[in-house]
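Have a look at the structure that comes next, please.
Think of it as A, B, C and D in the order they're written, each chain with its own count starting at 1.
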Amino acid sequence: MSDRELMYREALREALFEEMELNDEVFIIGEGIAERGGSYKVTEGLLDRFGAGRVRDTPISEAGMIGVGVGAAIAGSRPIVEILYVDFAMLGMDMIVNQAAKFRLMTGGKGRVPFILRTQGGTGGGVAAQHSQSLEALFYHIPGLRVVMPSTPADAKGLLKYALRQDDPVMFIEHKHLYMNKGHVPEGELIIEFGQADIKREGTDVTLIAWSNMVPRTLEAAEELATMGISAEVLDPRTLVPLDREAILKSVAKTNRCVIVQEAVRRGGIASDISSIIQEEAFYDLDAPVQIVAGLNTPIPFNLVLEQASVPQKDDVIAAVQSVLHVDTF
Amino acid sequence: MSDRELMYREALREALFEEMELNDEVFIIGEGIAERGGSYKVTEGLLDRFGAGRVRDTPISEAGMIGVGVGAAIAGSRPIVEILYVDFAMLGMDMIVNQAAKFRLMTGGKGRVPFILRTQGGTGGGVAAQHSQSLEALFYHIPGLRVVMPSTPADAKGLLKYALRQDDPVMFIEHKHLYMNKGHVPEGELIIEFGQADIKREGTDVTLIAWSNMVPRTLEAAEELATMGISAEVLDPRTLVPLDREAILKSVAKTNRCVIVQEAVRRGGIASDISSIIQEEAFYDLDAPVQIVAGLNTPIPFNLVLEQASVPQKDDVIAAVQSVLHVDTF
Amino acid sequence: MAKTARPNTPSKELLEKLFTTAFRIRNFESEGIKLYRQGLVRGYFHPYLGQEGIATGACAALEDRDYIASTHRGHGHCIAQGAEVGGMVAELLQKETGYCKGYGGSMHIADISRNNLGANGIVGASTPLGVGAAMASQVRGSDAVTVAFSTDGASNNGTFLESLNLAAIWNLNFILIVENNQYAVSTKLEEATRETELYKRGEAIGVESHRIDGNDPLLVYETVADAVKKCRAGLGPILIEAVTFRHSGHHVNDPGKYMPEEKLAYYKERDPVDRARDNFISMGKAAASEVEAIEADIKAEFEAAVDAAKVAGEVTVEDFQEFVADY
Amino acid sequence: MAKTARPNTPSKELLEKLFTTAFRIRNFESEGIKLYRQGLVRGYFHPYLGQEGIATGACAALEDRDYIASTHRGHGHCIAQGAEVGGMVAELLQKETGYCKGYGGSMHIADISRNNLGANGIVGASTPLGVGAAMASQVRGSDAVTVAFSTDGASNNGTFLESLNLAAIWNLNFILIVENNQYAVSTKLEEATRETELYKRGEAIGVESHRIDGNDPLLVYETVADAVKKCRAGLGPILIEAVTFRHSGHHVNDPGKYMPEEKLAYYKERDPVDRARDNFISMGKAAASEVEAIEADIKAEFEAAVDAAKVAGEVTVEDFQEFVADY
């Protein structure tokens, strides 16, 4: 029982089933999510179980869909709007930035917006510049939003369930590469509060911070580093907002070295922000500068070789770790 | 003659007049920019001089306006789209992020997008959460865009003229507080290339990096610091993309201490990125951690006292400088 | 598609309500502008002067469970939906006792407790937000109706098409009121679109749509009441284009010189507050003394609100920092 | 508002062009799908099978100076606008010799040199981009026309309203062709909107609008030719809703089970490529041998393109890094 393995997408679906069962205010809308069950099959079966009132297909109207979700949340529902690719969230950016994120403050706290935007991002399989972006940094910079990026099936389930029980707008960003990944998901209630990083692997020589699809990749790098006698700790913040600063600073205080691995482009990414926090608050803990391994500053090209060259690979992580470990011998 | 003083808005207008005179492909559209001359009078007189073909008022259709500008640029024009508040650029975010920024790469370099989005941001006078944002970090994170934020009349003129002669999409972000500021603008041709920081004040003890409306505020702080015997260098990158990393690293190598002053909220701002660059590339030059003075992580409230408390003030800069100067005595 | 027939004789109670609301809005705006000129109100202030008939008539047709969504010109909607002038004045004066603790101001004013989704600084935002509230009602099996107040300017924005279309395919209890005051700041509607009869955009996507005189509070009431009835019977959404005109510039500091004098005179002749008063007197057989008493009460209420707001507590930076600690 | 009258007898040259283009698209898609199934093409591939009549007819009505803007289903537009199959196949195969150096792929394919603003992965984007090109032409005093190909799905997106309205107020030389294939992936148009006659949305904002059979290449040609003439005379923009149907699923890997068989059969009976061929033979008096020669040439051209692409140079990471150095 406790060895139950689920795919990431199955874990998400389970969270949706459980929460929709518990709370009639939860509903979900999106393109092709009802009859077709969604492009990644996350919403399969929901229509049959909860009916066409609470599970609805939409036209291609991202701004409208997001706006409707935000309005419904203000009116007390717990809507989930699925946007096929995070790239398309740009069409509803006004509703995210100027409405969802602002409403609570603009009403002096009297209004809340328990709205969830579920989407997926990242590179994969040559879907090119408009379907491959990692845009979490855009939401991270907007106060009032929560930014959640689970890397494992269990995290996906627990965080989605928590998202549906708290009162602020959540950008829940999945990754196209993770849906088929399997992992242990305990039976029964599983709720993961926001703001709690998870140490995916313990280590003593260097802290590797990664989220979403970079977590499995970084864990692979850590395995290989282990064979080289390097003990890497892998920390997954799981939620970027709120960010578990304490866990990060604690790990860095232990290892004195840090590499941040991010699929998004280097310039202006969340890694830069985490790096700036570490150096402001743990400057004297550091034996080497924090290194960032991130995407190239480029839109993602179609060509698969270039696509791969545009985002961090296992070897990039290993090279960065070697560099922070040897840097003080320069 | 060489002592000629212009207001920021006059300098912008002069740039527009000169470039529209020189190049028939330059045109400008926006809400109330033609007959009314624009909310900040930047476009006053353009309609009379260049006619209704090249100076057009638009309906309230931000996404459409930006899209039309991008399409016109692809077709070889040099359009300027004025968006009243940078906050409203969120309505056209898809066209900025998924079209303007991507087109050159998606066409293998065969297409270019010499599109300019002129807008203004920042706090001022209680215009509240949806009219006060500093959103440059969002554009900074999207490869393919140029991000320009002049702080003086001369920079405004020279950079806008350069923007109209290069071939990539430019987010040209003015500040509502700067339009009436006066400054020296030389007669005759004035072109400022992108990627060249300007040292607005020389100093030896600490490097202060600031842009847009934070430049005059930081200069005031520097003056006051001077009376306390502290020599602050004030560096204005002027263009955030491309960023003059060399100038920044050179200044920090000289002063060994750095404070970055940013009106935008702290989390995920450009200051974090600059900080991460400095610590990655100049770790051993630093005698103290880079400090960031930035906006609170909050939407801007209406109340004027709170508005002021939400963004960096002169005293915040002074306090930060004192802290980086004394920090190594801890 | 103008509606003209008067289905029932209106009750005196209704006529009194319409007049009271219209006058309360008129007084709030005229006096509010004075406060602005005294420097007591900052930021933007878009007066609803001249358009009072629309909010007044529409909200009178709603029940407590119904929702509204409002615009940047939102004081009138807020008042018509039952907000108290005290909380509104305090909000404009940035006080802690304001509806939004002074964090919102004119452009975001709302009494959330009265199912008002708020004024909004983004032109066009009221429509999707309102459709969202209507969707929430439908999902929870309520027959509550949502009225989104919107504008001629917003009709050229993509949100108009997207959200009204969503309301249509889902048969939501949603009423979109397009307040066509014929201008967006200084831009004439004829310059913003070829087809200035905006209700046609509803028809083109299969939505029952009407165009009415927005300066007639009773007609607005009747049209909206009818639309509410249809919505509750599952026949929503419905679009109502209410033609009107501002009595002043776009915002307090706009002299509005671009507005032709004859046109202004024409609409002032059809002043919605005067009409509400006339109706109250003629159809409601109200005595002059009744009218005077109402007006006096409303004026006193406003003055009391100002007095209270002036001495109300200031918000503090410490409270604010605590408020945003989890941002 | 369907158009039916045939104004002139079409020339053999025109009929040959229509057939050649339609067949080239058909062959490109059928053979391209095979390459996809062999694993030689990656990413998305949205076949234009069944819709060839629209791009074929429309682009035949354009001059060299005119522009087009295209969709995610863009191979047909690219071919009809004169792109060479060699550069297109190479693009799909991610080769340096591709029109976009292999950086773009199917969803961004374009021969920019032929005034094609490109295929686009964002549904709805072709309309504003196309209006922009039309605006550029107007500003520079050119009478060039821009045709934006768009979709039924995009008609429910805000860009539709905003950009067509801009084209209208500025009388741009802009033609919006809504390819109504009645589906957006598996979502039926009737589920996406109440009013499935999409041309009415153009009329509602004062734009001359037509609805025609998109499977009739000659009718498409005539309608677009007429619209082009009107545009050049200052009477633009014009909307043309061209009704059609896909012959396959939404993309290569979609079996399209949701498409009713009878409907598919109905439209296959009205196959645009067959019609172009029939017209060429019957109206153009083309001999069977002429037709065969054209088909054989087109097939050979495609095969040569595949052979060339297979041996063409690979893009290198070094070149790419240099390309993006200033990003």
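Methods note: contacts are C-beta pairs under 8 Å (C-beta built on N, C-alpha and C of every residue); 3 or more make two chains touch, one makes a residue touch a chain.
Everything numeric here is computed off the predicted structure, so don't read it as measured data.
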| item | value |
| --- | --- |
| Farthest chain (mean CA position) relative to chain C | D |
| Selected pair, greater C-beta contact count between B-C and B-D | B-D |
| Where chain B and chain D are represented by their mean Cα positions, the distance between them in whole Å | 40 |
| Whole-Å gap separating chain A and chain D, where each centre is the average of the chain's CA atoms | 37 |
| Distance from chain D to chain C - Cα centre to Cα centre, in angstrom | 46 |
| Where chain D touches two or more other chains at once, by residue number | 100, 102-104, 108, 120-122, 156-159, 161-162, 165, 169, 191-193, 324, 327 |
| Interface hub residues of chain B, defined as touching at least two other chains | 58-59, 61, 63-64, 87-88, 91, 94, 98, 105-106, 128-130, 143-144, 296-299, 301 |
| Chain A residues within the chain C interface of the complex | 24-25, 27, 53-54, 56, 58-59, 61, 63-77, 79, 94-95, 98-99, 103, 105-111, 143-144, 242 |
| Footprint of chain D on chain C - complex, ascending | 156-162, 165, 168-169, 191-195, 200-201, 203-207 |
| Residue ranges of chain B in contact with chain A within the complex | 63, 87-88, 90-91, 93-94, 96-98, 101-102, 105-106, 128-130, 133, 135, 137-138, 140-141, 143-144, 241, 264-265, 267-273, 275-277, 279-280, 283, 288-292, 296-299, 301 |
| Chain B-touching residues of chain C, taken from the complex the two chains share | 42-44, 94, 100, 102-105, 107-108, 120-124, 153-154, 156-158, 184-187, 191-193, 258, 314-315, 317, 320-321, 324, 327 |
| Sites on chain A touched by chain D in the complex | 31-32, 35-36, 57-64, 87-88, 91, 125-131, 296-299, 301-306, 309 |
